[in-house]
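Labels for the chains are A, B, C, D, E and F, by order of writing; each one numbers its residues from 1.
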Amino acid sequence: MKTNDVILQTGTKVVFFIIFLFSIHIFFAGHFAPGGGFVGGLLTTAAIVLLLLAFDLKTVQKALPFNFMIVVAIGLLLALGTAAGSIIFNVPFFTHAFGDFYLPLFGESALHTAMIFDAGVYLVVVGSTITMIQTIGGDS
Amino acid sequence: MEFVLLIFLPLVAALFVPLLYKRIKNIHTGWFVFVIPVILFIYYLRFIEMTMNGNVTTSTLSWIPSLDISFIAVIDGLSLLFSLLITGIGSLVVLYSIFYLDKKQEKLNNFYVYLLMFMTAMLGIVQSDHVISLYLFWELTSISSFLLIGYWFTRDRSRFGALKSMMITVFGGLMMLGGFVLLSIMGDSYSIRELIGNADSIIGHDYFTLALVLILLGAFTKSAQFPFYIWLPDAMEAPTPVSAYLHSATMVKAGLYLVARFTPLFAFSEVWVWLVTGIGLLTLFWGSFFAVKQTDLKAILAFSTVSQLGLIMSLLGASAVAYHVDGPDAIIFKVAAFAAIFHLINHAMFKGSLFMTAGIVDHETGTRDIRKLGGLMSIMPVSFTVAFIGSMSMAGLPPFSGFLSKELFLTSMLALRDFELFNFATWGILFPIIAWIASVFTFVYSFYFVFKTFAGKRKRQPLPKQPKEAPVGMLLSPVILATLVVGIFFIPNIVGKMFVKPAVVAMQFGLYNHPNEVAVHVSAWHGLTPELLMTLGIIAVGALLFLTMKRWQKLYEIQPQYLSLNALYDSLMIFGESGMNRLSRFYMTGLIRTYLIYMFAFIAAITTIMLFVQDAFVVDMDSFSALNAYGVMTAIILVLAVCMVLFAKTRLAAIIALGGVGYSVALFFVIYKAPDLALTQLVIETVSVALFLLAFKFLPTLKRHGESTAFRFGNFVIAAAVGVTMTLVALSAHSQKLIPSISEYYKETVFTEAAGGNIVNVILVDYRGFDTLFEIAVLAIAGIGVYGMIRLRLARKENSDENK
Amino acid sequence: MMTFIWVSLLIVILSMLGVLYRIFRGPSTPDRLIALDVIGVMFISATALVSILFHTAFFFEVILLLAVLSFIGTVSFSKFIEKGEIIERDRNR
Amino acid sequence: MEFVMSIIIGILFMAAVYLILSRSLLRIILGTGLLSHGAHLLILTMGGLGGTSPPVLAEGVTDYADPLPQALILTAIVISFGVTAFILVLFYRTYAEHQTDNMNLMKGNDEHD
Amino acid sequence: MINLLLLPIILPFFFAIILLFFKEKIQIQRALTLIGLVISFIASVVLMSVVKDNGVQSLTLGSWPAPFGITMVSDMVSVLLVTTSIVITFFIVMYSFISIGKERERFYYYPSVLFLLTGVNGAFTTGDIFNMFVFFEVLLMASYVLIVLGGEKKQLRESIKYILVNVISSALFVATIALLYSVIGTVNMADISVKITEIGQPGIITVIAVLFLLVFGIKGALFPLYFWLPGSYAAPPMPVLALFGALLTKVGIYAITRTYTLFFIHDLSVTHELLYVLSILTILAGCIGALAYFDLKHIMIYNIVIAVGVILFGVALMNESGMTGAMFYLIHDMIIKGALFLLIGIIIAITGTSNLRQMGGLMKTHAPLGWMYLIAAFGLAGIPPLSGFTGKLLIVKGAFEAGHVWGSIIILASSLIVLLSVIRIFIYAFWGEPVELKTTNRRAYRKMIIPATVLVVLSIVYGVGSEWFVPYMSDASKVLLNPSLYIDAVLKE
Amino acid sequence: MTVIANTLIVFTILTGLIFTVVTVIGVLRFPDVYTRAHAASKSATLGVIGILLGTFFHFWLNEGLFSIKLLLGILFLFITAPIGGHLLSRAAYLSGVKPTKHTVGDDLAEVVKQSKRD
């Protein structure tokens, strides 16, 4: 029988953002507290899965119009690029740089290239898991 | 001049053959090829002067100098003799082939390429001083003969014969290589002459006899000795010029060459003398005996070749005895060496001519079946004459060259009887007896060959072709050879001086300083010696047997087919195919479970055995941390969950249970202070469960598929073994923490050097970021894979195509 | 104070074990799922208590995460039971 | 505690092997899942279960758990997740093509023709 | 340029990522793949010359001191293997253009190949045992994708077996690393070697050594862990099979070689004796299989198994001849297997079957193919002066020197079986009465035969020009036999 | 101060514990899915919220850590637990699990039958 999922869908709209924000939080926390790119990415995936559960593939595709394979590629490039940046400075691959910078909006803040790398990880995790779920879900 | 390069001349020329064949259609390609051996022959003639003085010349071409591997060509009496035979008979064979092979019907380019390749190979063998290059050329002869025998590759018999000859000769070659390597280790050199120089250190070595046997295997297979001769008759599928070349003068002589070459090194060994002489005589007898059974002209010749090779081999064995004796006794064994070389030359001549006549008969009548032939004498007089000369020489009758060497052979065999070394005395009498019997049969098959073909009456049923005498060109080569056969009878000592004695000096290295010291004088008449009496006996008994042949030839049928060596080879090959197939079928079941059982059983067994054999099983209770209530409780939950996975009836229950296991593991991570892991494990577990639920749409329900109790018990035993092994190993490894971990460093530097606080995360993105980079790559590839697997379905497409 | 927390933790864990019985017992799948949901929730409680015991705030993420995951798990299981497929391609069709 | 853990690891491996050897595709997947759990716990145990505090810098803490095995496990977990997802899809595709999930009927092409 | 030794890993990786952006543009994918491979090849050749001149190169990533960061090490062994892998991949990719089909190309075939190469090169180069695990996973994952891509019935069925076995071996690998870590507390390979030497390889380390042998033996197809291989390898399309045959088992061999020359060298009488026995058994098992089948693919696949045995036999000897021979043979085997699989692929494409009994007389229509095949076959069997000879000679020599008389005789005899099995293909497919062929596209045939021919020519050059390679090979064996060279390069200071 | 704080903490946690125990009893003793779901979704949620609040107070008052995460968690549970309970019950009903015999009325049955007929 055809059922509506109004309760679920309404709840999801709120919950999705909570989870998403939480995942971003976990991602940024990574360097000093438990968390990081993986968990963050997976949690974002979980949020999107929730969307998929509550709505359907087509709606979610409309809401999040990314080609997730490209997201994977971008993530990989980001991660590789961070690592490979050191080639330019002729220091061993993967040498990270960090330091305190003055940024106009945030004031004094610590920046770490490892963060960019972790962002790459995040993107790859999200991209590939969502690709899998989308393709499986879209299989007939 | 670097004459080592000349070895490669035929090979280089071969490169141009296809070109010439394609471009110049009017002239038979053979004419171009003919030039090569002729040039070489003339070139090598120049060295006769040198070798007659007992001198040696070398020429080196390095190949892999760092490994001390190079082509060292040596020209001494032995190699020169062979080189001349190869190029000389080679020229004649090419000449003969020009008329034998039709330029329109045959792929002449292939044929001559193979032939030239073969020529290079043979020259290489006989001139190589370096064992590795010798081996190289040795295998090259196997390959080129494979190609030559399989020249008419659509015929099944050709394919069979080619494969057989290659298998047997390559086998010998490989064993020989092993022997060579052993020698090179023992004598610390690859050069044969240096090895002979180091003979003292080699002889005492443990591997001496092994090396000897291995090298003899090479020689015996190549020279078609018992029991390896079986490839030779089947090799007769090759075009006749090839047979004439390979099986009279060249390939089969390579083994003899090898034995001759290594005589100075191995002669000290008793085993050598026994093996070489014994196998030689056995082959002589065996070949001659079975030659009479054959009905195919070329098969008769093949068996005769086998027997003649055995004869020469036994002479070579006898000649080795010369190293063991001094004084007057030695002379007879030195004569054996002379006889061996001399007979080798004679055999090349008469067998070459015989093969060519057999080819002519085949070519002109269309058949080689001796039962259909007869009475060709009047139609083909020249061929008959040639065949007659050749056969009589083979039978050892005067005034043909074979007589002389045959006499010398009998002399040597008689000498072995009297000789009391290695307990020959008891068995020694067998040597002359076998030699005599074999000679009788040699006589018989020689007559059989020539008279059944040419004499008697024409058979009633017509031959496939109207017989006529062969064209002059085709007759030219056999006639030249036949002339030589007769000629040598009258000038044996000149031949001896020019060719045989220098070769003997090279062969019995160390016994002579100069060829002239070889005190052998060959004469047709040397008094009424036992040898002569034996010859007379041979003629008498042989003639009798030949006349009564029809009556006793049936005796051969007594031997059942399945007892022959050929049957042995065939069954070996069949074993290699269907036997191995059955064997493989037995354990390659195609079921992954079987394979996994092999693997798990092996892993568990070998690890446990090692653990106890190496005394590595240690359980040090002190190293363990105290029991922890939460830990134990989590452990219980985990075990319960695992049991639920095992006994789940529905797939949903199984997945929940698996999730339960995952969560328990996460709990462990919490308990053991790994928050990052706990987080990751939790999320991953959930996403996995979601994936499972997603995939359940496409998956069947959980079924056991009738796993029997025995099946489950088997699984259980293997599983238990693996589980117990892991526990034992884990306990032992944990009890032996011999060196503290490197991870203190991370704790110290994480803040100061890496500007981070979460050590695990910093390890992941910084210290060991490389791992992470490729770990996400794995995830990305998995994504690609899933995508491709689901979206790309060639199978369905195929099916739908078929349905249309 | 700590003793109280210990005891609480023990009670929570015992409660979990109690609910575990329902998982094994069933009788229907939804029964099990409900029990599972309860266990997830209790798990959160246990983690909270543990973090009090250990004086560490690192498990707060775990708590939130468990809440999220337990919800997602519940949703997907119930959708599975209800429809047999948890992600539809286009529900308006 | 390591003793208990070792036994747990043994049990996990045992159950995994038992399931992998069975005939049903689904049970085989379950087996691979258990196998990776076993391996991860093994790393954890081999790193030592001591350490009173998680490997995250905090004031006044000196006795951290060994972080390296944890990092290794994390890598391994993610990898086995990727593999599990792949296997899952592979298995259901196989089921779709072969119309069976009985390994016995997928005898394979070691045909000895 | 201190990062030079990373380039052969990073460049294929980079290009693989870039290819992900061009899913539908096949021409661009092809071009980029080739460009990437060429650049990687140049990098690896430069690296090789650097290694030749300056000895072992090492780099600890992230500027960390050696045992703490991940170290990458390029010694002659690894750089040789890396270069060869790139070359072979290049030709296989060229071959794929014609034979793999548009469909597969659209579904990330080339990225997968490049990822595979990344994993292979990484596994060859890494100096960290856990990082090796990661690279193994990269190459395995890529190989899973390649083996199943296309989703044909047979592919799916065999993929399951392949993946199952590899999942088990991966789990075992992780477990073994854990055990090793427990005992000596490090994962850096040079450091492991130092520490094992420090404690003098007690029993537990020997047990771990055996476990490593088992783990890598599964990947490298050692007896009795090879059973999964023949079936699985026969399933994917030919270029993939060629890639697997040429590269994948070699990674296992490399790993065994590395661990058994760097770590576990203090109890040779147990570990290496075991390796010795297993490699002999591998040879025998391979010989049985090579004779048992009348299927082109299977015959060649079992020849992989035989080669594995021969190479590891050379390694187990632990003397200079044996090791140099093993290195010689390893490279030879990669080239010749690549060539042979491509050639066989052409035969199958022409005849439309892989069953020998249904073939015949190809010599009349496809003579050049026949000659190429024959040369490659003789090369495989180790007929001088072709490529297999030098290696085999040295291995046999090493075995005699080490006193393993029967082992070396078995090696020699196995050459005969190898020869028989491959010549049987020649005799059945090329000789004999011609059978009717399905009409084939001559142009495709000509395009396919080019990469195969080049590989055959390469193998001839490798054999005839052995002299040029000897310095490299002896460098390689020197590093393997003197772990201190490797250790010093990593733990410098 | 500490005493007040501790009292607060103990009180909230105790409340949570009581609800937790009630949940267990409910889940174990109630006769059918729907009643169990009732116990699970309502009292379990209250139980966990109580304990979380206690934890929150503990960290806030005793350790000086005002944890937004915990509050967020409480909020999250507050939103999701009813949704989950609803979904489970509906799933149970639609998958055909029969309610206990003591059930008085089943209004949904008509609707389901109706839509199945369509």
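Heads up, the rule we're going with is that a contact is a pair of C-beta atoms (placed from the backbone, for glycine too) under 8 Å apart; a residue touches a chain by one contact, two chains touch by 3 or more.
These numbers were taken from a predicted model, which means no experiment stands behind them.
Between chain A and chain E, the least number of touching-chain steps is 1. Looking at chain C and chain F, the chains that touch each of them are A.
The chain with its Cα centre farthest from the Cα centre of chain C is B.
Averaging Cα coordinates per chain and for the whole protein, the chain whose average falls nearest the overall one is E. Counting C-beta pairs in contact across A-D and across B-D gives the higher total for B-D. With respect to chain F, maximal separation of chain centres occurs for B (centres as means of Cα atoms).
Measuring from the averaged C-alpha position of chain B to that of chain F gives a distance of 81 Å.
For the pair chain A and chain B, the distance between C-alpha centroids works out to 63 Å. Averaged C-alpha coordinates put the centre of chain C at 23 Å from the centre of chain D.
Rounded to whole angstrom units, the spacing between the C-alpha centres of chain E and chain F is 58.
Shared interface positions of chain D, defined as residues touching 2 or more other chains, are 16, 20, 25, 38, 40, 42, 45-48, 53-54, 56-57, 68, 74-75, 78-79, 82-83, 85-86, 89-91, 93, 97, 103, 108-112.
Looking at chain E, one finds that residues 13, 20, 61-62, 69, 130, 134, 137, 141, 144, 148, 151, 153, 156, 160-161, 164, 168, 172, 175, 178-179, 181-182, 230-231, 292-294 touch two or more other chains.
In chain A, 3, 8, 15, 22, 26, 32-35, 38-39, 43, 46, 49, 69, 72-73, 76, 80, 93-94, 96, 125, 128-129, 132-133, 136-138 are the positions where the chain touches two or more neighbouring chains simultaneously.
Looking at which chains touch one another, you get A-B, A-C, A-D, A-E, A-F, B-C, B-D, B-E, C-D, C-F, D-E. Only residues 72, 75-76, 79-80, 83, 86-87, 90, 94, 112, 115-116 of chain F touch chain A when the two sit together in their complex. The touching residues of chain C, counted against chain D in their complex, run 56, 58.
The touching residues of chain A, when paired with chain C in their complex, are 3, 8, 15, 19, 22, 26, 29, 33-35, 39, 43, 46, 49-50, 52-59, 133, 136-138, 140. Across the complex, chain B meets chain E through its residues 62-67, 69, 132, 135-136, 139, 143, 146, 150, 153-154, 156, 158-159, 162-163, 166-167, 170-171, 174-175, 177-178, 181-182, 184-185, 207, 210, 214, 576-577, 580-581, 583-585, 587-588, 590, 592, 594-596, 598-599, 602-603, 606-607, 610-611, 614-616, 618, 726, 729-730, 732-734, 736-743, 745-746, 766-771, 774-775, 777-778, 780-782, 784-785, 787-789, 791-796, 798.
Taken together, the chain E residues at the contact with chain D in this complex read 130, 133-134, 137, 141, 144, 148, 151, 153-154, 156-161, 163-164, 167-168, 170-172, 174-175, 177-179, 181-182, 187, 230-231, 234-235, 292-295, 355, 357.
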